[in-house]
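Could you have a look at this structure, given as structure tokens, before my questions?
The first chain written gets the first letter, and so on, giving A, B and C; residue counts start at 1 in each chain.
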Amino acid sequence: MAISAQTDADAAAEAPTPGLITRLARGNIELWANLLVITWAIVFMAWQGTGFAITIGTVFAIWAILAVSLNLVVGFTGLLSVGHVGFFGIGAYTMAVLTSNASYEAARTDAIPTYGWPFFAALPVAVVLAGVVAVVVGVAFNRFRDDIFVLVSFGFAIIAFNTFLNLREITRGAFGIHEIEKPAIGGWVIDGELEFLLFSLALLALVVLVSWLVVSSSFGRVLTAIREDEEAIAVFGYRVTHYKLAIWVISAMMAGLAGGLFASWTSFIDPNSFILLESMLLVSIVILGGLATIWGSLLGAMAFVLMEEGMRFLPFIPPEYVGQARQIVLGVLLVLLMLFRPQGLVGKYRL
Amino acid sequence: MLELRDRQNTLLAIALTAATVAYLGWKVVESPEQALQFAFNGLSVGAIYALLAMGFTLVYSTVWFFDLYYGAAAAIGAYGVYYLRSQEALGGQYEVSHPSLNIAFGVITAAVVAWALHTRYYRRLSRRYGERTVTVAGGVIAVLAGLYMAVVLTFPTEMNTLLSPALGAIVALIVYAVVRRGYRATFGAPEPAAVVAAATAVGVLAGGAIALAVAGAAGSRLYLSWAVSCVLAGAVGLALYRGLYVYMLERARSPLIMLVATLGVLLALTAATTIVFEATPRPLPDAFGSDPWTIGGANIKGFNVFTIVMAFVGFAGLWVLLRRTSFGKSVRAVGDDEEVSKVVGINTTVVIAVVFFIGAAYAAFAGILTGHDTAIQPRMGLLLLLKGWIASVVGGIGNLYGAIVGGFVLGMIEQFGIWDLAGEWRDVVSFGVLILFLSFWPKGLLPRRD
Amino acid sequence: MTTEPADRTETTEDYSVETIDVSKHFGAVRAVQELSVSIPRRGITSIVGPNGSGKSTFVNLLSGVLPLDGGMVILDGVSLRVVHAHEVPDLGATRTFQEVRLFDQISVWDNIMVVLTSRKLLPALLERTKQEHRDEAERILKLVGMWEKRDSLAMDLSYGQRKLLEIGRALALNVQIYMFDEPFAGLFPQMIEPVKDLVRDLRDRGRTIIFISHNMDIVRELPEHLIVLDSGRLLTEGDVHEVLSREEVIEAYLGT
């Protein structure tokens, strides 16, 4: 006994997939977006040379880790968090405090405690600490939804920033922490630009792999269902709060990883890297690239990095305003996307 | 009145409230002077949060989303005053004047005027004078209005002279309308020609007197710059709604769409402000001098008292508008059900647009008051926005009383919260309290009654 | 688990769902007032009543979607003062919603798969799609005639298809009690018969089916047991034919 699909006439046989050119001509936005960003990246790097490509690549890797991790929460679970930079900062500060150079610190009058740990010992701690904070924050945030969730996540970002700024005994406040350790395996220190790029890309690959495993598992499917209707999925026996908390913590740990990497890469951090605005830019990247796709976040991060670099070469933008100009472009893009394409360039979920 | 989630939470909430009260009581007994000082500071920052929260509440209870543009509106308000006053009040030190900005705001003004004329008069007048004539006439008026605004922005040192005719005309119209309405309300009959003539005469006289007074008083420029800034911020808010949000609301599936879009607006406008005015904090001239009075051991600044008074004035103004006018009725009807309001003949687009104008103007005024009290910088709006947002949520989303109560409560919490901490932990305290508070009272102190 | 042991007692009864003085109010509106019913095991029960009589609220209370304001629910012999939605499948029940709550932006296939997979967090994280789940999803989708549509998003389906898919999603859960909130509303006439067959098939397999309906033809034909609600109160309950012939039912609800 089965019901045949007789309600709609559109159960017709699917047309064969049209070719690349046809799809481009039809204005397939996903394809255009992919082509544009990738071509742009290649042309730019070819034009500017290897050194440029290496810097860009590292910046990209860090933003991409952040974007992919945030997409797990925003795109797959439907929790629009603007507080992700807090976990990024926790990772970065953990790395900085644990690994900053002890002799350098001792020479300062306003010394903070240092431990002189190696990078690879500090990185897991950074990740775990971000996760632990995420558990606390997540338990407190679990009951909030929609716009109130956005508001409290703003709140988390501000609390985190102010803590970095004002907990001077540990973070040295606005003066920042110098001499942060580079990763070293045995006697081999990853301090060359190229080596660091490869290392960052390796971590990005790891994050992408883990994210892919998460979203393609049964767990990931439940997340999307939570995003669509929390109450309905609860009726089928899922403890929604546990799932939300789990993905929140996973995502925060990835952000902590990005933070550790970032601190080591710049070797100097201060609270200005962790302001609320960065978090808002990050959300923009995730939405721009595409919600609920990992590839979209990579694309968004690449577009974001290229946008800034591209603007340096526009004659009518003074160099000191490049960051602001990019912010304007992002803001306008965000508005346009919400109007015409609420899933982002290659996204699978419309807000 | 207060709805709690369940029993454990009730206990926790009671314990927390009791602890807070005990802490406050202990503090007050320990040092009454300081308590007074903190209370006063709390009221004066609270007043600013309350103003923002009122704007938020007004918009939220009409269209049910939070307009993050208000962060930018606060900055636009403050920088508007800065822009208009920079040539004389700041010793010419940071003089700014951009023709392109003047033109841009002129265009926005023209667009808003054109829209207002179109929605208000087009249908009625085009039947009498023909569509073409009305369109052209409306266009000319709009362009003139835009030019007028651009001229005012270009010559801020002559602002009082330039604006006096407009101000006079507005006062004249208001007096005229009040006299006629008053006659009708008192006698319950259509007014005779003599009364109309008298109303006209009184209106012209009052308007003329005001215009002359303003033109002659150089000191009025500061207050005129407030008004102009608020109007401009409001006009941008209105233009954003009519030009952008309307189309989004049509297809928005969730409030998050609007939130993200307004976030985009906020990002873009904040960056634009930074480009025009640079990121460094700047002063605004202090309107009321800075010598504080000492009352009961507390230092009280005149300007802060003024701020607190303004919050109540703003509240009273909105209250009258919402509760005592037909416009207020339409606003509440739209908030209850937009579709039904349309059916019963309310022009919802106009109502919502005006609501956006008022909300943004309130936010701008809050920005101006903060700017005078401390300093201004392009990113100031973001934090103000969040505080106003919190205040409106803590007070009770969508409730006007909640907005003012929430604003003052947040201000007090922030000030008393940093008594034993350093002042820099202020934001941590207010957001920490927000999160705790929302966990126990998700609907706020004074929930909106549906 | 926040439910205290005293709140739960195992009983063996002939009823699969019982309620004792269940109440729910929204502000001043008393949606359900001290409702006590006994729904027999292995059979079809229908809940009828005019609009606003509390039918949907009642099902929401039974399934833990709304918290109880008072009274007790006995699901499959377990007495509960607090019904947690996520425990309801373990107690042997599942449901559909009146307003059709599918997971809109995921595929039809995933809409079914999501209720088949592991409920536990860690196993779910490690679980890839299993063949047994695939087969079950295929069976369900074919059963409700949605196999061809498996790759479209749930939001792109027509109303009738959405309704069917939601029934399918409930059927994917192999439980004792199925609660359908207005399964026949808004269906094309030619779709009603197959859904009836699905319900009968469930009964033949020994399940308890509770459904809300406005369609009196179906109410006369399908269920054995009938519950009539009016303004949140129980008007009457009992054998269908007997209830339908009672004076007060005819007066209060059926009218003519």
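Quick note on the criterion: contacts are C-beta pairs under 8 Å (C-beta built on N, C-alpha and C of every residue); 3 or more make two chains touch, one makes a residue touch a chain.
Because the structure is predicted, anything quoted here is derived from the model rather than measured.
K.L.:
For subunit A and subunit B, which third chains touch each of them?
P.N.:
Looking at subunit B and subunit A together, no chain touches each of them.
K.L.:
With centres defined as the mean of C-alpha atoms, identify the chain lying farthest from subunit B.
P.N.:
C
K.L.:
Approximately how many whole Å separate the CA-defined centres of subunit A and subunit B?
P.N.:
35
K.L.:
Between subunit A and subunit C, what is the gap in Å from one C-alpha centre to the other?
P.N.:
The computed centroid separation for subunit A versus subunit C comes out at 41 Å.
K.L.:
Averaging over Cα atoms per chain, report the distance between subunit B and subunit C in Å.
P.N.:
Chain centroid spacing, subunit B to subunit C, equals 50 Å.
K.L.:
Provide the list of subunit A residues touching at least two other chains, using ranges where the numbers run on.
P.N.:
Subunit A, residues with two or more chain partners: 350.
K.L.:
Tell me, which parts of subunit C touch subunit A in their complex?
P.N.:
It is residues 63-65, 85-90, 94-95, 97, 101-106, 110-111, 113-115, 117-119, 121, 124-129, 142-149, 157-158, 160-161, 164, 169, 173, 188, 190-191, 194, 197-198, 201 of subunit C that touch subunit A.
K.L.:
Give the list of subunit A residues in touch with subunit B in this complex.
P.N.:
Per the stated touch rule, the residues are 80, 140-141, 143-144, 146-148, 150-152, 154-156, 158-159, 162-163, 165-166, 276-277, 280-281, 283-284, 287, 321, 323-325, 327-328, 330-335, 338-339, 342, 350-351.
K.L.:
Any idea which subunit A residues touch subunit C in the complex?
P.N.:
It is residues 1-8, 11, 214, 216-219, 221-222, 224-225, 227-229, 231-240, 242-243, 246, 348-350 of subunit A that touch subunit C.
K.L.:
Sort out for me which residues of subunit B touch subunit A in the complex.
P.N.:
For this pair, the touching residues of subunit B are 5, 65-66, 244, 247-248, 253-261, 263-272, 274-275, 379, 382-383, 386, 389-390, 393, 422, 424-425, 427-428, 431-432, 434-435, 438-439, 442.
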